[in-house]
């Protein structure tokens, strides 16, 4: 069962379908599967539903998929960094389902963990809870949120091995572990493929069972807000 | 905010109360907070409800708390290794609430994560689901299980630091991370306290926010089933 | 000649596919690991928090922090990863494990499984069995066809409290291999010298399409 | 003289207690970190997956893999730990963070908060704000007392879509400090030279017990 592939294009071979749901790791432009996103753009696949905390910026990350109108719907918590998104949204060309950030993370985790629904206090009494079931526990009201699975998950890790074991680096971890569990097929792009056994066995963030395909690539790692202090 | 204490007794000072609920890490005798359990025995605290996957053996682990009848109720998935448990249970001196192992783990995680209830297919159509609400999602039936919090969580880790950051070793991790999140107060016993900054920041299993008190101690680490192959 | 424990384990090993992630129950299912085809890449999950379980340790390798779900000392492999209980059962409940091979007290023709509790006898608990049968993609049972009193363990309806409802896909007994299908159990294979007549005589569950 | 941004941040820093785990929102709340008492051990959480957030990096320290919830480059400290988004919000939702200091568009006398959406304007999303106000132990708001049109932002009822219902504990404005109590808002403190009369004139929300 060979999991290691040579490129983003090769890992996506036979996987993409119009109308599919894709869960994409990353927070802002940090820890995004940038090579897979570029390959999905090239593929021309359309009518995508994408679950991702953000929508990238106009010319990088998931924003690339908006240029050719490949996205039908985003499930996100914040899309404020993407002007193209706003134009298409206001023109009625793009749907958005806002999920609170923690609810989105938990929905992906729950989906991957076989939990079809869970209750949270987040959003109770707000627009987010409209049309959703609520329930009282110990005198407090909670809203029912659904587990979320995706046809495909695309994640970006730091190091990985041929078994599909992954580790992430610093805050580039973010939504990647949750997306990895939520994908019916999960593809990981990593900075480096290391020999099986080289990763610390007690420190593997995503065990290989969740990862079907993996490849190594270089990453631009664009920075959104370059803030510094005097040296 | 000093978190480091010198002994199990010292960490338990002012914490124990008759009738309290304690979540205890460990699977069998592996990764159990053995020093804290011994100190709880010495304290004489009574009427405890203990959430722990197992009940130890007659003369080690949580079994020690049964000797003086300190336990009112166990929430466990398997208690078959403890004869004393069985005697007290059959004599009506001890209650048991069986939870499937994965449900128990998820209840503790949910409790610690502010999720009061979640749905699982585990146990549907069995005694475990009796008296519990069920709900259909996508044509399949699931049972509602509750998040579980404890007045006190006692966990055993490998290495920890003065901030309460913890790492676990091999399968001694088991229920410890979940218990750590579920405790209103969490006390950790570790094999070694290392300087803050010595643990790999990307590899801290339990961030210090969950741990209020910590101490280092030696551990017997008794083995239940010593199975070997020829060298 | 009906199958013995090792024959059943060897037959169960045919359920494996290259690349499978597998959880083996305690008892006969454990023996299946002795029959994994050499060219197969199989990863064993242990629900106490380990993916990539190795063989028992040598005396020198014994590590109290390294046990399997049966509380036996085991070893790790190059591929091994460790994780917490909630993560382990997320993997199980979420359907990421391809196959679980388990023992049983009773199986019904509807695929109900009973393997954790005998009323009136000491109740030890279900451990992870209910999660495994509810979450793993495919459940294969290995058990003797009859109990010690000679009564069929493949029943129309389980008499014991259930571990799971409609969860069993395939049953391997000393007499043969049976699939849970619409209307009852279907004979897939018979052990050497076992006849269909013998199976019909020794099975309470409805045998269909045979 | 009403407080300016830095005065408000300094006043908000008085809400800190030694040992607190704190999540600071974007904008004025970020300034609070400049006023942490030196002998306090405060740990900042960043909801994108970091506990123990350090200051902005020097030009040499910049790391694209190390940002805060505002997508700004930051640094780590000795105590820092990193974790995934579901773990980060488990910490928040589970009530393990002691205090969150956030900005607001409107707050009602019942403690309702609106800070994510203006109907008819571009909707960018709530990010982690709804989770923070629902889960963190104590919510303190820093905001101007009035909007640019001079209208009170402390209202009887929020006009904008809510971020959370009954979630605010304390509000720090340029005019003073107000607690959400039974029946309305209670004045805890006034900025220098600000009178109760001025507050009553500039506040739509019910002021009680003053």
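A, B, C and D are the chain letters, set down in written order, and residue numbers restart from 1 in every chain.
As a convention for this text, a residue touches a chain if its C-beta (ideal position, glycine included) is under 8 Å from a C-beta of that chain, and two chains touch if they have at least 3 such contacts.
These numbers come from a predicted model, not from an experiment.
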item	value
Those chains which touch subunit C and also touch subunit B	A
Comparison of A-D and A-C by number of C-beta pairs in contact, larger one	A-D
Mean-CA-position distance for subunit B and subunit A (Å)	33
Rounded Å distance between subunit C and subunit D, as computed from the means of their C-alpha atoms	54
Whole-Å separation of chain centres (CA-atom averages), subunit A against subunit D	28
Centroid distance [mean C-alpha coordinates] between subunit C and subunit A, Å	35
Junction residues of subunit B, two or more chains touched	106, 109, 113-115, 120-121, 168-170, 173, 201-202
Set of subunit D residues in contact with two or more other chains	76, 82-83, 89-90, 92-93, 134-135
Chains that touch, pairwise	A-B, A-C, A-D, B-C, B-D
Of all residues in subunit D, those that touch subunit B in their complex	18-19, 21, 41, 43, 45, 51-52, 76, 78-83, 89-97, 134-135
Subunit A to subunit D touching residues, read off their complex	27-31, 53, 76-81, 86, 90, 96, 98, 100-106, 108-109, 120-128, 158, 168-178, 205, 221-231
In the complex with subunit A, residue positions of subunit D that touch it	46-50, 55-60, 62-68, 70-74, 76, 82-86, 88-90, 92-93, 112, 117, 122-131, 134-135, 161-166
Residue numbers on subunit B that touch subunit A, as the complex places them	106, 110, 113-121, 135, 137-138, 140, 142, 146, 167-170, 173, 200-203
Subunit D-facing residues of subunit B, complex	1, 109, 111-115, 161, 163, 165, 181, 196-197, 199, 201-202, 204, 207-210
